[in-house]
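Chain lettering (A, B and C) follows the sequence in which the chains are written, and residue indices restart at 1 in each chain.
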């Protein structure tokens, strides 16, 4: 449990940093930056816990998550004007955060005896929902839904994780393989600028 | 129960299609279309179950809802570029979906021994919330709140449903009458372009 | 309990009025105004109850909240075209609503044996979340996150409230002092146009 929690807190910190960066670009004040950082970091797990009906959400009983997210967002706020953020490192860290949240989300659903399909949905939701709310709060159509192979990486990793568990693979091994799948897809997509096809509705379709 | 569930799944499919169409017009990729379809179809019932505190939300234990919504959204995605969608049929189907969700939402609240007022609120919320989130995710002010006699149709039908049940009418009869009220108001509003009045705040009101 | 509930209902009415005013400026119809009014008034407490996992949310079992919010929003809708709203009085009333919601939110978390940090977070969330959703529904980047010393006032008051309770001060005294802190900070911020600093990310930071 302690290993999972350590990873989970690391993912929380990274997501809080990305939230703080997006909010900062929108010229939000320090409070806005803190809120967007918190929501980005905790939003996915919050929605997951609400939907699974598992009582008080995870961070209301384990304060470390709130503290880590706040410290990460505040540090970002105060450093952002002073130093150049290492964008490349951040992208990799963000992909790692996505992998962690996906696996933790899927595992929580399986712990609650939900079906494999729901576990995959919960994994992806845990991974991407925070970023969706971040973009909504910042007045943008969520990037995740438009351009990048982001949620798709989460979805693929979640499928691999759940499938390998069903094949009796041990949890840590399945988790490492699933995380590798997410990282590889995500970083390949960034490196080669991959995106999924969109559809073109006939113009006269417009209401 | 089985009859209600069949109708409920039909409403789910229709709402997933409308979500997928709106997302597709925004050039979202296949994953974005699937997410918006899912959220449009399941959003209203999810918020209802959360607010009523009835444990895990309905679709987390009955996977058919997720499957139906995903299949409907994916089919829309792949067909949208190929065939012209039958807009007229869709509008009628959407009105039917609204009627079903309104009645199911109100009934769930009454099953939980909530007051008639809350049942009406829950009916309308179940009917319209998915569409509101769909529009938010697509970067638009929710259409439902601005222009159309949409939620008003849901509200009127919910009131009729709850009122007739209190007058000891049997549930199926009350449901059919309430559904007819919603369909007639909604289709009349579309046909004649009806809308409710807005208010004009004095200009010097602007903050 | 009855005193708290009276204040809480007063805060509900004021927030419903602010929601109705913002929705009205967006030319929403009477239904849209009612929805935005309801969400502004009940949104914060709803999210708080969901996160604390305290079963059905407060207004689903105590209908007075819904009735008060609807009446306040409807009255605003019908009066807005006829009379000039007393903006100054509204701003003060809104600050009072913020103070009430902050203290009630923090108290509810403490009642549920959550930590002081979570109580402060819940107080601020109860105070500001309704306004955030109001702005999202109206298609704007939430004002609270951008410009005003609004949430900061709530945060300061929540800290004072929780701190003074820990110092064994009686609840009513701590509540009055915390409310005064919120009112003074908020009204001073409006009067002198105070705002918190924002940060300037290096341009080459843009993704």
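Throughout what follows, a contact is a pair of C-beta atoms (placed from the backbone, for glycine too) under 8 Å apart; a residue touches a chain by one contact, two chains touch by 3 or more.
Please read all numbers here as calculations on a predicted model, not as lab measurements.
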- [ ] Nearest 5 degrees is plenty: how much rotation brings the CA atoms of chain B onto those of chain C?
- [x] 120
TODO: Same or different, please, for the chain A to chain C contact, judged on whether over half of the interface numbers appear on both copies.
DONE: different
Task: chain A and chain C, separation of their C-alpha mean positions in angstrom - done: 28
- [ ] Mind pulling the residue numbers of chain B that touch at least two other chains?
- [x] 50, 136
- [ ] Would you pull the chain A residues touching chain C in the complex into a rising list?
- [x] 21, 23-33, 35-36, 46, 50, 54-57, 60-61, 63, 66-67, 77-78, 80-81, 84-85, 87, 136-139
Open item on the list: Under the definition above, what is the set of chain A residues touching chain B in their complex?
Closed with: 50-53, 112, 114-115, 117-118, 121, 132, 136, 140-142, 144-147, 151-152, 155, 195-202, 204-207
